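Per-chain numbering from 1; labels A, B, C and D assigned in written order.
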Amino acid sequence: MNTIENIYGDGIGYVKLIDRMGDDFTPAEDARTSTDKGRLGPEKDTALQERLLVDNHTSPFEGVVVKFEMCVPLFVLRELDRHRTLDKNSENDPFEMVAPEENMRKWFSRNEMSGRYIQMPDLYYHPRAVRGQSQTNKQGGSADTLQISQEVADEFKARGKEISKAARELYTWGVEQGIEKGLARIYNTQNQYTRIRYTGSLKNWFDALNLRLPSVVLWECRQPVEAVLEMLRANFPQATKSWKELVYDGCRLTGAEKDTIRQLLEGAERTEVSFEIIKKLAKKIGANIDP
Amino acid sequence: MNTIENIYGDGIGYVKLIDRMGDDFTPAEDARTSTDKGRLGPEKDTALQERLLVDNHTSPFEGVVVKFEMCVPLFVLRELDRHRTLDKNSENDPFEMVAPEENMRKWFSRNEMSGRYIQMPDLYYHPRAVRGQSQTNKQGGSADTLQISQEVADEFKARGKEISKAARELYTWGVEQGIEKGLARIYNTQNQYTRIRYTGSLKNWFDALNLRLPSVVLWECRQPVEAVLEMLRANFPQATKSWKELVYDGCRLTGAEKDTIRQLLEGAERTEVSFEIIKKLAKKIGANIDP
Amino acid sequence: MNTIENIYGDGIGYVKLIDRMGDDFTPAEDARTSTDKGRLGPEKDTALQERLLVDNHTSPFEGVVVKFEMCVPLFVLRELDRHRTLDKNSENDPFEMVAPEENMRKWFSRNEMSGRYIQMPDLYYHPRAVRGQSQTNKQGGSADTLQISQEVADEFKARGKEISKAARELYTWGVEQGIEKGLARIYNTQNQYTRIRYTGSLKNWFDALNLRLPSVVLWECRQPVEAVLEMLRANFPQATKSWKELVYDGCRLTGAEKDTIRQLLEGAERTEVSFEIIKKLAKKIGANIDP
Amino acid sequence: MNTIENIYGDGIGYVKLIDRMGDDFTPAEDARTSTDKGRLGPEKDTALQERLLVDNHTSPFEGVVVKFEMCVPLFVLRELDRHRTLDKNSENDPFEMVAPEENMRKWFSRNEMSGRYIQMPDLYYHPRAVRGQSQTNKQGGSADTLQISQEVADEFKARGKEISKAARELYTWGVEQGIEKGLARIYNTQNQYTRIRYTGSLKNWFDALNLRLPSVVLWECRQPVEAVLEMLRANFPQATKSWKELVYDGCRLTGAEKDTIRQLLEGAERTEVSFEIIKKLAKKIGANIDP
């Protein structure tokens, strides 16, 4: 299972695993460089790898390398290449915060198509569903989104197609007229498809999944990342399972949250600890608490 | 001289030096960490720094840090973030080669605007001159470019403006109708302006100049880079001069070219060495030789 | 407060803040690149920076840069340059696990003394207290350490000094006899002092503190890192306080731990959730629970 | 040929190729991501790869990954992990210059043994030949080295062995007495053997060879690197040959040197160009010119 076709339902976008180095227990083998013990069987190797993940000692996961090829629209590539934080107070102050986090550009080796040398293929992404903006979270995608009427959706798609087509025609005509390719393409729309190969370590890919799998990420960006997860599961089932359960499904506590949990574990009543902290923590981990 | 306004002549694009750490002789000081000698005056410090540059020992140039803010179109940002090689045989095989080289994303810290949180400003780049494609070099910009008639240029600009405007209207309308911001913007054209801050060491900036200053680079990409060079010259005059003369204005020789030069220096006649190599070398370094 | 002298009590080791770029609220300013709002005052800037830290969106902390110079023994430098994980089952299987985590070499720019060019200074570290091995943790330093008698401590120190001295004499004599410096020094002991400059972003330094401040880290390695923390506090008081409380004093939960906490917050009794998980979690966060 | 044993002639040091991803023509395949052309046969693929190397477009060489394990002394590891420049004026000013260049730590993933968890093996390197210091080059190893008498060599080796032995005994005794392992080892000498795994791209390895193969590098450091070269040649014969001829055997010209060569190629007599530049260039490329 090394190719996932049709990630957007339009027969164009895909993700392929091109090559890999190492297997499910290479991290344990590398971690034991010191002792010459090598591999000690799936059970012990898994136990070691899980301890490494829990303790955030991830260099042994850098000795496994995976190369994927993706065909995705330009606007997806731009999002994959960085990360944005949530603005939790969007209603009040929509301009407050933008905080990018570098990701795939920084740690991956990339080879991408270039419109300066060849004519970019005449392939454009058009959304099937037109989603509404989330009201509590600027990144969209959550449950409480605005409803978009069929009429608005249809008009958006029709105008979008028309603009893409006009931009493509201008580009093709410009190239034919002898305009510099790098200049002719500047009016192209960002839904144009491109193709890229990323080479990264298993640790790099886990980090990328951490940033892009969450449901707040744009739907179009999550699709290639979910394809990556599926292929990592097929190729490194145990390591991927350990990472998913121990890292991805977990969370970070602040100092105050840790203290509060400590008090609770030591027997304090919920009324004895800060309700403010409990409330935030409950929201973070999805607990339904009584007000 | 820490701001260069109006890099594209449209009153929008600019580059600002936001902050810096270190000065013109910090590399020499850092290189002498070992000896407690610190600085020895401009002459000795320059001599040391030039030796470091010649010998490609650049870590002392990583102890100087500069932060720039740029306002440039999206298609320029995409080019700044990577590098493309020339295809010297474009006539014969236009599809032969695309070879990206990572650059600014990889070594710089970036903070960029995001259209997922705010409405991107209604600012778009439109070329004043419409350049023709180079006939010998796919990256365009060299002397032997196709001539573009006034009519074609005018039509290109008019259609480009219209498409940008239609795309902008669709985006604005879509956001008003409640469409998810990240989705509403996918039809936006790549000539839209964005703003970014890059933090990098002096070495990082020299490397970026190496990749983007050459005349084969797209004109729109060269403008912000030339602004960076001008501000580096104003803030680190000696180090920038040394780098320019010793590194940027120089070139690499292959083993065969080095051997040929050695033979010539040792007194061989030009007829005694490979004319094939001489010809390629002459082209590389811009020498006019008789056939 | 930009120099901390005498970190080992022998008048030799020290840490100096050489230079810096940015201040306490530069991360907020950089994070708002998108909105042109810049700084909004300490309160709002702190609130933004704390959200960035909690959400692990750390690129705005890469726009602040600090350069430190350290004088430390070689064996400390080697540890600073990497990280080792704990082996929690050391009694049973002392060879089980070694899992290094790259650190300061990878993200910092370094300039270090070199014994290949100059005679390394005749400065050696000797411990004042001779600590016993921890019985529960191979990294030593915790409370349950073996007691070392005065006699053993004295003998260790005396023999150590003698060996250092013999090694130094061999080195000096070798260099005088004309032996290649790089070869003459191979018998030198690892308690020899060296000097180094590290340039890193505030994010890099926070990451380094995360790895080296914990009490399980070798005492000699913690001293320079604690000096760094003290100087970051003096120069970036608010950002350092936020990081300390929100990140350093916090912890990570695995998926299972998060689920258990969720159940407890939703009203489950401690007897209703996995005691195995509660026990591990209590140990991790230092809670005293009844068995 | 994936293991080279006995690199120091003492039966201890070795280098092993543990794993790899990609083959001799993977760089060409990755460079053609854009065109879907994939591989075009050894001749065309080699031609493309050579152009990439000449133009310094190396990201396609980052899609090939190789993992080596090395057993080398600590002082070799320390040198592999960095690079030092030459001081060409050593006679006049022996303290003038130290200019480290980061290398293997920075771009490679590493897993090394740790003396904090296990007893380091009782293995120490002792030189067979005791080399003299070079008189023109502080890094030693060149032809004009001081002669070391048999007596001096014997005394150096005998005292070195004695010190290593005393240090080892102190360490072993200290651990037995319950001294913290991390502390007990601080008097250990730097000729102790350690073991490490490096994972890097083909580009990383080429860069490492560039820094460590030259004859000015310490003999003990060159041995593992020459073993790496030999195994790269066995596994990637064409790519390694291209790199060796085009990059490693070549050199850089400064702006002034390039201008001088240009003048010579255009027909200028040697008497018409700067003799100062000719002299330096001749020295750099090993040409014997008449004064």
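Basically, a contact is a pair of C-beta atoms (placed from the backbone, for glycine too) under 8 Å apart; a residue touches a chain by one contact, two chains touch by 3 or more.
All values derive from a computational prediction rather than experimental measurement.
Novice: Using mean Cα positions as chain centres, tell me which chain lies farthest from subunit C.
Specialist: Most remote chain from subunit C, centroid-wise, comes out as B.
Novice: With contacts defined as at the top, give the pair, B-C or A-C, that has more of them.
Specialist: When the contacts at B-C and A-C are counted, A-C has more.
Novice: Please compute the C-alpha centroid of subunit B, do the same for subunit C, then give the distance between them in whole Å.
Specialist: 38
Novice: How many angstrom between the C-alpha centroids of subunit C and subunit A?
Specialist: That pair's centroid distance is 31 Å.
Novice: Where in subunit A do residues touch two or more of the other chains?
Specialist: If we look for residues of subunit A contacting two or more partner chains, we find 31, 33-35, 59-60, 95, 97-100, 102, 109-114, 117-118.
Novice: With chains as vertices joined when they touch, what's the shape: line, ring, star, complete or other?
Specialist: If you draw each chain as a dot and join those that touch, every dot ends up joined to every other.
Novice: Which part of subunit A faces subunit B closely enough to touch in the complex?
Specialist: Contacts found on subunit A: 73-75, 78-79, 81-82, 84, 87, 90, 94-95, 97-100, 102, 105-106, 109-114, 116-118, 125, 127, 130-134, 138-141, 145-148, 152, 156, 159-160, 162-164, 166-167, 170, 174-175, 177-191, 218, 220.
Novice: What part of subunit D is in contact with subunit B in the complex they form?
Specialist: 31-35, 37, 48, 51-52, 54-60, 83-86, 88, 95-102, 244-258, 261-262, 264-267, 270, 278, 281-282, 285-290
Novice: What residues on subunit A touch subunit D, complex-wise?
Specialist: 19-22, 26, 30-31, 33-36, 59-60, 62-63, 65, 67, 69, 109-114, 117-118, 195-197, 199, 201
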